[in-house]
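You will see chain A twice below: alongside chain B first, and alongside chain C after that.
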Partner chain A sequence: MERQISMNPKRDLRKRRLNFENFYAYLIMALPLLIVYLIFFFIPSISSFFISFTNYNGISLDFDMVGLKNYQTMLQDQVFRASFTNTFVFTIVVSLLQNLLSLLTALGLNARIRMRGAIRTMIFAPVLINAVVTAYIWTYIFDTNGLINTLLRAVGLGGLAQTWLGNPDYALGCVIVAHVWRFIGYSALIYLANLQSISSDVLEAAEIDGAVGWKRFRYVVFPLLAPATTINIITSIAGTFKVFDIIFAMTEGGPGNATETIATYIVRNMNENLYGYAAAISIALFFIILVINVFVYGFLKKRETQV
Partner chain B sequence: MTLKREKTQIVIQIIMTLFAVIIIYPMIMILLMSFKSDAEIVTSPLTIPSEFVFANYAEAWDSMNYLRVLGNSTFLTVCTVAIGTMIYSMAGYAVVRAKRGKIFFSCVFYMFLAGLVIPPQVTLVPLVVWLKALHLSNTFQGLIGVMIAGGTATGVFLIRNFISTIPQALEEAAVIDGCSPIGVFFRIIFPLLKPIVVTLVIMNSINVWNDFMHPLLLLQGAAARTVPLAVYFFKGEFTTQWNVLFAGLTLSIIPLLVVYFILQRHIMGGLMSGAVKS
Partner chain C sequence: MKKVGKMGWKLGALLLAAVLCLGGCGAPANETDSGTEEITLKFFGWKMGAEEGNIMDIIADFEAAHEGVTVEYEAIPTSNGYDDVITSRLAAKDTADVFMGNATQTELYLEAGYIEDLSDQPWVERVNDTLIENLNQDGKMYSMPLENSGIGLFSNTNMLQELNIAIPETWGEFLDACETIKQAGKTPIVMGDKSGWSALRIYFQDIGNMAVEDPNLGYDVAEGKKKPSEALISPIEKYATLVEKGYTNGEAALGMQWNDQALTEFVGGNYGFFFGGTWLVNQMQEVNPNFQYQLSPLPVNEEGKPYAYLMTGTSLFVNKDSKYKDLAKEFLNFWAQPEYLNAYTKSQSAFTSMVGGESYEHENLKIFADAFKEGRVCTFPRGLEFADNLNQPAYKGMQMILMGQGTVEDTGKDMDEQLQKSITLKK
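What follows is the complex of A and B.
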């Protein structure tokens, strides 16, 4: 790799033409990733736009341009509407619940407690478990003869027992619980890191000024946690809006369309060979994510600087 | 005052301990249930098994084709992470330090960053078609390419930010000694990237190992199943036999949990700095 010819590098850098030392060498270094990225991500993304205007079925290459028909279908499609609503509900509830619980967890872990290391290890462990395993563990917990119903019967509340995942009113809630279980540790870790970076001087000063307990948290600690809050909300929104695996493994979008999300609906249409329509939905998903990201990120950044 | 503090301390201790137990309990539950006999799992599913039935594990091992599946996941993860980390670093270096054509390299960089807002689902439909055209459908090469491309945005972003904190004087000294940019990268910069490379390796390994959607749609055929995929199809076979299913789940999470318990400081630290920096 090393160039044998020794030349005067200073004089070389002053030259305006593109030579190996100042352009092509860097191009060669960027090239492997550039090629992989173009082939496996960027060109597919662009062609998704194109496919969304066709009636391509994934099998034969004689497809027709259908213009905006897929997008028109989408606007009238009841299942798409349901998946849209479910995705929103899922994202909002998960983001709030996960952040609230992980913030409390981080505050607890930051207190002077015993066995802190062991407790942290236990709370963080589910982060490593894949979504399919998480889905099956919780499928059992919510099963007709599963953990929740067994416990309910044991305390004499057998009347409340039911097939949780089979009930359209509860199915989405069940998936939310499973998803939040998996990621509490992750968000808590980020809050904890931020908490530990708050200097004790600030806290002592607050105490002298009379800010203790809830007041100290609300007016001193919580504002200082703004960076962690931004990270956690952005990651949980980004992660949940395209949620696929846990829902697909736990309910496959059912019962009915009670847990169908935009991402599971894309795969469902692919499995039914409606590739053009699936592409159109994925493009819609992209624009929704883009708008939400810009909006939420702008809001949270503004909030950070106000503090 | 101190008495009140002590009381609060005890309450927090109790709540946190309980909470940790509740979080970890589902994992202990599947472990205990995986050792139960077919009869006991129906009559008393939640107690400690009266006798430990290892046959569940034998059955799960065989019908998941465990070693094969583990090998597939390991191969996929190692190739993706090793190649990916290397080429993210090279590209990250190029976009920061290129001396000419800065506009070109910053366009390349922003194109890489587009991956942050484009959800992976957008690429799915074309990928199925595209991989077929490249004769890469249902191959590991194709999936490795897809996974590397999918991690580009985060990878390049983290590397670029790290490299821009390294003073250029180091590299200039090397250039004066007659080193080419490629030589500078491999001899001087890459060894300095260790902290961020560790973070990237941890983040990507967990992502790739646990990914379900891409293998499900792009890697068909029983011989090529990865761990999450094997678990998914395993459920179909043992819908009602929770004990065998849970033996399978336990087998599938053991490798990662063992690594976690050995390297937990690095894993927590790596995931945390990855999240904070990106």
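What follows is the complex of A and C.
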């Protein structure tokens, strides 16, 4: 029997009542996740917003509303400013480095090379390692008697040996290296999936038109990787702005405030029973991530549509 | 519409059934064979594994002495967020009848109305004077201190003997000892300052000493009557002196944890001194059983004898909302009996919290123990708990001094700012 296709599906949908077939069955399927989202994300987020206007100390429920005091203090807080600068630098450098290196990795893995499967697994493996374990691995590498200093001494460059994680000039860079190492495989996988979806017809047509090598990458492949770039940039910005675990395990935010990020500073304030203040910083972090992501997402989406 | 309504009822009924089933899981009150009501006393703490000491023996004996009483001990290590769990449970009125806590939290617990006044309990008159002074809130006791831990100066006695150095008792003697070790081509002090712990020992010891002379110091600073950059700057200056004279392991300290790499380096025998606590004795023994050392009070004093710095470790609190408050207090009384408390104190390598109590004894702790017995002790200044986050700018400033990127004045300025922030946000 031939099925009738509606000429105006929107109007049909409005006319239809919600019933078990078209709505409630799906609602039940989504319900467990919605409940989890509500309990573990939505309610805490709303309560954080409320707490940010109080002097809640994390223990007593007998707290006062303090208006914008937490936010005003935040603007004058030097450590917050330092943590914001560090987070911003961390985000920019990680996002650029991670995407550049993972793009190169994906291009390499897309070629017909031997043991491609094994190499892909190896590159993706660090993503599966817990952040704290990653931190321990890299702490050993950067240790005073660790791998880097040992190698430097072995090749006669002992003068360059450093207390890498203890030096305010290098500590943030070291943490960036560890973080990027961990996520290269993740981003590379997304780029690789996008690369493999590019039609060979397009590439052949480009080749016929004379676009080979760098030109083919610059004018054909790279623009077509726009969807993967969007996903990778957005996820790395959101992830790096909230970075906590790897930094805390490697440097605890030090030396001084050299690697203090907004997230480590939030936890530090919670440990001092300044929950209201910590909540205000969390809210500020939320809006910072939101604004930056909206801006970057808008830019990258526009780029995608231009392609 | 009718169909949806039916489904809604079904779902509602299902949900109600689930709730009733779960509700049914709650255990009803039972009675023992002799008709006594069966009570479960909930006890929440952080001691587990080797740290548990004789806690389970105390519980077993208490249960044997109280028919129908079961003590349910639940432990979460501090590293796994004990503080967060206990505060959430207290706020939700869903916590244990007895719980372990840090004595420095007493004021906050009290403000929130979570803890029971224990002033009338028989063990209170046995608590040692320093602890009474430090723990009382407006003359009342709200916790039973179980132990005192000591923090001081570990000396490599082999090295000191070789260089004919006596264990230092004043800051001047300490600097002289460091100079002699340095002249002998060794590094005098090994510090682990990745988290600023070693550097903070000088800070705590010095402000503890100051508070012995000026008991109001902590309150005056916390209330903004005295600026940290003036009243608390002496330990920062002392630390800067050690760095400037090259008596520490320098920037290597910033890559080390005090209780891991720094301790291992010290026990290796190449350093003269190390700052640490009484609880490290067993760890040192395990790492190098042949290592010869002695713990003494950290001599930051200009003259006289040094004070042993004490930290009130674990304390027990009774929940104000407990249904079994009397039984909970009885549990504390039972624990406070010398046979149990002494055994517990020794199992924690700690000093006793009670007058006449027995402490952990070890030949390598002798000098420190003597100071404790003489009552030559100091603690973190009362009142300063309010602004204990001054520790942060203090150790961060010291880290920057070590790297040559900060000064004593910068650190003082940062401490002043932190105090202002603390006053603004907490009041």
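The working rule: the second predicted complex is superposed on the first by the 268 of 307 C-alpha atoms of A that agree within 3 Å, B and C clash if a C-alpha of one lies under 4 Å from a C-alpha of the other, contacts with A are read in each partner's own complex, and residues count from 1 in each chain.
Note that a residue touches a chain if its C-beta (ideal position, glycine included) is under 8 Å from a C-beta of that chain, and two chains touch if they have at least 3 such contacts.
Remember, it's a predicted structure, so these values are computed and weren't measured experimentally.
**Q** If we overlay the two complexes on their shared chain A, which of chain B and chain C does A:77 touch? Say first, second, both or neither.
**A** The answer is second: A:77 touches chain C but not chain B.
**Q** Applying the document's definition of touch, where does A:272 land relative to chain B and chain C: first, second, both, or neither?
**A** A:272: touches chain C, not chain B.
**Q** A:257 in the overlay: touching chain B, chain C, both, or neither? Say first, second, both or neither.
**A** Touch status of A:257: second partner only.
**Q** Is A:58 touching anything from chain B or chain C once the two structures are fitted on A? First, second, both or neither.
**A** Both partners.
**Q** If you stack the two complexes on chain A, which partner ends up touching A:163: first (chain B), second (chain C), both, or neither?
**A** second
**Q** For A:119 in the superposed arrangement: first (chain B), second (chain C), both or neither?
**A** Only chain B is touched by A:119; chain C is not.
**Q** Check whether A:235 is in contact with chain B, with chain C, with both or with neither, and answer first, second, both or neither.
**A** The first partner, chain B, only.
**Q** Which partner reaches more residues of chain A, chain B or chain C?
**A** The larger set of chain A residues in touch belongs to B.
**Q** Regarding the shared-chain residue A:138, is it in contact with chain B (first), chain C (second), both, or neither?
**A** It touches chain B, and chain C stays clear.
**Q** Using the touch definition from the top, say if A:290 reaches chain B (first), chain C (second), both or neither.
**A** The answer is first: A:290 touches chain B but not chain C.
**Q** Looking at chain A, which of its residues have contacts with both chain B and chain C?
**A** In chain A, residues 18, 20, 28, 58 are touched by chain B and also by chain C.
**Q** Tell me, which parts of chain B touch chain A in their complex?
**A** It comes out as residues 9, 12-13, 15-17, 19-21, 23-24, 26-27, 29-30, 42, 45-46, 87-88, 90-91, 93-95, 97-101, 105, 108, 111-112, 114-115, 117-130, 134, 142, 145-146, 148-150, 152, 156, 175-176, 178-183, 185-186, 206, 209-210, 212-213, 216-217, 227-229, 231-232, 235, 242, 245-246, 249, 252-253, 256-257, 260-261, 264, 267-268, 271-272, 275-276.
**Q** For a test of understanding, state which residues of chain A touch chain C in their complex under the given definition.
**A** Spelled out, the residues of chain A in touch with chain C are 17-20, 24, 28, 55, 57-62, 69-70, 73, 77-78, 142-144, 163-168, 251-252, 254-257, 268, 272-274, 276-277.
**Q** Touching residues of chain C toward chain A in the complex: what are they?
**A** Of all residues in chain C, those touching chain A are 1, 3-4, 7, 11, 87, 90-91, 105, 108-109, 111-114, 193-196, 251-256, 388-389, 392, 396-397, 399-400, 402-403, 405-406, 414, 417, 421-422, 424-427.
**Q** Could you pull out which chain A residues touch chain B in their complex?
**A** Touching chain B: residues 1-3, 6, 9, 13, 18, 20-23, 25-30, 32-34, 36-37, 39-45, 47-48, 51, 56, 58, 105, 108-109, 111-115, 118-133, 136-138, 140-141, 145, 147, 150, 181, 184-186, 189-190, 193, 227, 231, 235, 241-242, 244-245, 248-249, 262-263, 266-267, 270, 275, 278-279, 282-283, 285-286, 289-290, 293 of chain A.
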